[in-house]
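Chains here go by letter, A, B, C, D and E, matching the order in which they are written, and residues are numbered from 1 within each.
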Amino acid sequence: MIRRPMSDNPPSSPDFTGTGLACRRGERLVFAGLDFAVPASGALVLVGPNGSGKSSLLRVMAGLTPPEAGRLAWDGVALKEDPQAHRARLHFIGHSDALKPVLSAAEMLGFWAGMRGGGDVAAALARFGLSAAAPFPCRYLSAGQRRRLALARLVASPAPLWLLDEPTTGLDTEATAQLMAAIAAHRRDGGCVVLSTHAPLDLPGAASLSLADFRPRRGLAA
Amino acid sequence: MIRRPMSDNPPSSPDFTGTGLACRRGERLVFAGLDFAVPASGALVLVGPNGSGKSSLLRVMAGLTPPEAGRLAWDGVALKEDPQAHRARLHFIGHSDALKPVLSAAEMLGFWAGMRGGGDVAAALARFGLSAAAPFPCRYLSAGQRRRLALARLVASPAPLWLLDEPTTGLDTEATAQLMAAIAAHRRDGGCVVLSTHAPLDLPGAASLSLADFRPRRGLAA
Amino acid sequence: MFRFANPNRFMNWSGKLLPWCAAATAILLIVGTYLALFVAPPDYQQGEAVRIMYVHVPAAWMASFVYGVMAASSAVALIWRHPVADIAAQQSAPLGAGFTLLCLVSGSLWGEPMWGTWWVWDARLTSVLVLFFLYLGYIALVNAFDEPTRGARAGAILALVGVVNLPIIKFSVDWWNTLHQPASVFRIGAPTIAASMLWPLLIMAVGFTLFYVTLLLVRMRSALMAAKLRALRLQEFQAA
Amino acid sequence: MSAFRLLIARDLRLAMRQGGDAAMVVAFFILTVVLFPFGVGPEPELLQRIAAGIIWVTALLAALLSLEKLFQTDYEDGSLEALSLLPLPLEFQVLAKCVAHWLVTGLPLTLVAPLLALLLHLDPAGYGALMLGMALGTPILSLLGAVGAALTLGARRGGVLLSLLVLPLYIPVLIFGVAAIEASIGGFGARPHLLILTALLVLASGLVPFAAAAALRQALE
Amino acid sequence: MSAFRLLIARDLRLAMRQGGDAAMVVAFFILTVVLFPFGVGPEPELLQRIAAGIIWVTALLAALLSLEKLFQTDYEDGSLEALSLLPLPLEFQVLAKCVAHWLVTGLPLTLVAPLLALLLHLDPAGYGALMLGMALGTPILSLLGAVGAALTLGARRGGVLLSLLVLPLYIPVLIFGVAAIEASIGGFGARPHLLILTALLVLASGLVPFAAAAALRQALE
């Protein structure tokens, strides 16, 4: 893994970029002056101690939280110009799993895929070892099984940009390997991935961004 | 780590034991015929794939879920005989953090310690690197900071038995080291720890119990 | 599974009892209906409308009787954790609600010709209505949970709380009505019943009780089988 | 199936699975109406006089109670965040959720209203206006309630706060709903009042989705 | 500080921080009472006749609305699980939470009731019985409500279900609360009714903690 390569020598044709980003949560500036670039087929790993702003940056990238300063762009076009197009091109998996206890795993995944135009639900479930769980309501799933189901949304309907906040939380080694395989396949197809993690992950050629480097100095943030 | 040492050669004077345990969640038998023993100063690590019943076993140990079959005992006395004494002797940290968004970190920890008779809140916060966060309401905390605050309950008021469900979820390396140090100190004082995890942890002399070995066979359970 | 060990015994004896119950129910209801419609005399005041009584009064009796059964089985379920008692309480509730509704509807139909209105806020009528809501609350609560066992336990507690409250509600409703409306014109009369009316009424009452027992056994058996099936399928999911 | 209809179908399915939502709203409606005779006494003439008012006030409260969870559960389990990141604009999603909410609450309330009118001895001449008024008014309650539910999202004690925001907005619906009944009992004809309700409905359908979507976006920030 | 008082103090502090719980219950109470004149018309004689009933019915609904979250938020954020594992028996914890709930809802409702009586032209002879009845009756509402709140924990659409369970149980309080007012307006003296309310309060304080604690335990299983 290379540390912050993008500010030194940015890749030639970046797909997803941010420049001079700052983010405020509540009344506190979490990071400032942050640049990143994720090329097609690229992966960016967000690291940093607790509270350094990894989740906040992912929310900014998804368009959930507007950045306090700076600019986000996809293929050079600012996101602000067409937020709807940005939503259509991304998958965001946050800390919560967005599952309904009374719907079955297959129904749940079918709904999320259907809202994005449909996809192969059965194959996605199989990909994360959930085929046997398909007909059962989500209330029966354990913490790790729920996480697997949330991640299955990634492969059920295609989207070029994946934003994953600590995706391996609660996964066993088998599921972690399945996720890494899904990410590798996605990148082979030209997709981008940004994810945060505290555990070392097996992502060949991924760039790493340490949020600790962008902590705003006090006084500067006004 | 030794695999299931307790069924082969049980320790001489076990403190916390379970024999022939079975657990039902909803209408399904999750595990059956499970024995364990944790001696004073001992640690037991629960491992197993997603859905194998680690969380369920911890809830049974805490007395939240009554076991479908089997017997739990502390120093040879069955827990059923005095559930209140069992509650007084344990700390259980589950998946959720039990924090109120509007209370400050110090108030929150002060409440939980006060309900168990009081303890040194400031020292506990410092132990998990939260001294600076003490005056801020919990809603300002990141996922990892929240987890640290939940874990600080362990050291704020003493209890001989710690039950921890995937305690390192969301923690950075520094906080993980702080937790391991707290566990080591607790064990030096004669305390027991049972925890579940998917990541390898640095727990010298801990026994390991794989839940996958106790999956009930169909037909046998009737 | 452990918890379905003794239900097997229940399935055995209920299977044997069921045909007898069903046959007795059919005979009593047919005889009772015949007597009520064709043998019993019309009332000198109320005319033919009095025949509603043969449905209305047994239904009213069953409404409170079934609640009693429900509360008793709930107590058994809570104290001894007996799964069959749980199922008896749960499966009784819709039947009890049905009898209560039948009492309300038949009473309203009777009230139209007798009092010129479908409904008055008479104490006895009102407490039947409240009983109906207690049934509905119980049914809603039992079905409001993801886990069937949780609903059963919550329902059992509710049924017991309700049994403490039912007399209080009944007593306060009586008081309320006499307070607001002394010497009501609309009192349900207690006519001195002639033997020619009493016999059909008693036969219908026994018929209703057996009808309830029959339906209850059928419902309990199918609920037990459904639970077994569910457990089997879940076990399959886990084994896979 | 279009995403719009898929969302309605999901909400209906959730309502069905979760143990009869419609049944519970109706039960609350009936129960509250039943409480009033206990409070004001059982005399038929008095009840007849206040019947229209009680039925409408209670319909307001029943709609209100069921509104609290319109976005709440989706918010808490992360579904709302995921929904807001879908290609279907949030405005349409709000509309879809209002339609589903009306189908499981407003519609059954409308259908059960005559029964309560019977219990409270409402003059038979008012039944038509009651039903029509409810049919026009309950969708307005769902729509206005959606704005309130979106605004109070994430607020503590959302339920009580929601009531505070929404009840004043419900007053026009209450006034015209009752006026329609009283007019047709008095023999003047309920038409003007029902036309006003229709106008309110059109207005609400046009404005609510934007207001509610804006509120949802800022709740998610 | 004993654990019992610590728990009350925490609940009070949460209520204060979360934007004035008491203020909101009172506001809901006032608003609903204000809706009625819109529903039944502004004639003072009519309002005077139904004043006691409306105030009490509305107090019931206000108490109900604030009850929904009595255990809900603690349940959802895992606090309830942690509380149930404390040495202090769950029965006492239920009692502590009921006390705190009454302090932030029942007490302010009691204090504001005379103002509403004024708005609805209640006969001045009834004020004493209204205040005393509320002071005795609102704790019963908190206690009975606690059982309902514990039972519906984790249930779908808890709010509406809670109403369905609890409103029938509230009927005796409503009846005797109103009866006390009418009796003292009629000159008979409200004592017997108030004594019955006292008896109900004693009964509820004795039984509720056990029922509610049992319900909570099974909710956490």
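Assorted remarks:
Simple rule for what comes next: a residue touches a chain if its C-beta (ideal position, glycine included) is under 8 Å from a C-beta of that chain, and two chains touch if they have at least 3 such contacts.
In this text, all values refer to a predicted model and were calculated from it rather than measured experimentally.
Common neighbours of chain A and chain C under the contact rule above are B, D.
Taking the mean of C-alpha positions as each chain's centre, the chain lying farthest from the centre of chain A is C. By C-beta pair count, the most extensively touching chains are D-E.
Spacing of chain C relative to chain D, judged by their CA centroids, is 33 angstrom. Averaged Cα coordinates give chain D a centre that lies 25 Å from the centre of chain E.
We define each chain's centre as the mean of its Cα atoms; on that basis chain B and chain C are separated by 48 Å. Contacts with at least two other chains are made by residues 18, 155-157, 161, 164, 167-168, 171, 175, 221 of chain E. Those residues of chain A in touch with two or more other chains are numbered 95, 102, 139-140. Counting partners per residue, chain C has 130, 133, 136-137, 140, 144, 146-147, 176, 234, 236-237 as the residues that reach two or more other chains. Across the assembly, chains come into contact as A-B, A-C, A-D, B-C, B-E, C-D, C-E, D-E.
Listed in rising order, the residues of chain E touching chain D in the complex are 18-19, 21, 24-25, 27-28, 31-32, 35-36, 38-41, 46, 49-50, 52-54, 56-57, 60-61, 65-66, 68-69, 73, 76, 155-157, 159-161, 163-164, 167-168, 170-171, 174-175, 178.
The touching residues of chain E, when paired with chain C in their complex, are 147, 151-152, 154-158, 161, 164-165, 167-169, 171-172, 175-176, 179, 182, 200, 207, 211, 214-215, 218-219, 221.
Residues of chain A that touch chain C in their complex: 101-102, 131-133, 135-137, 139-140. On chain C, the positions that touch chain A within their shared complex are 146-147, 234, 236-237, 240.
On the chain C side of its complex with chain B, the touching residues are 1-5, 147-149, 227, 230-231, 234-239.
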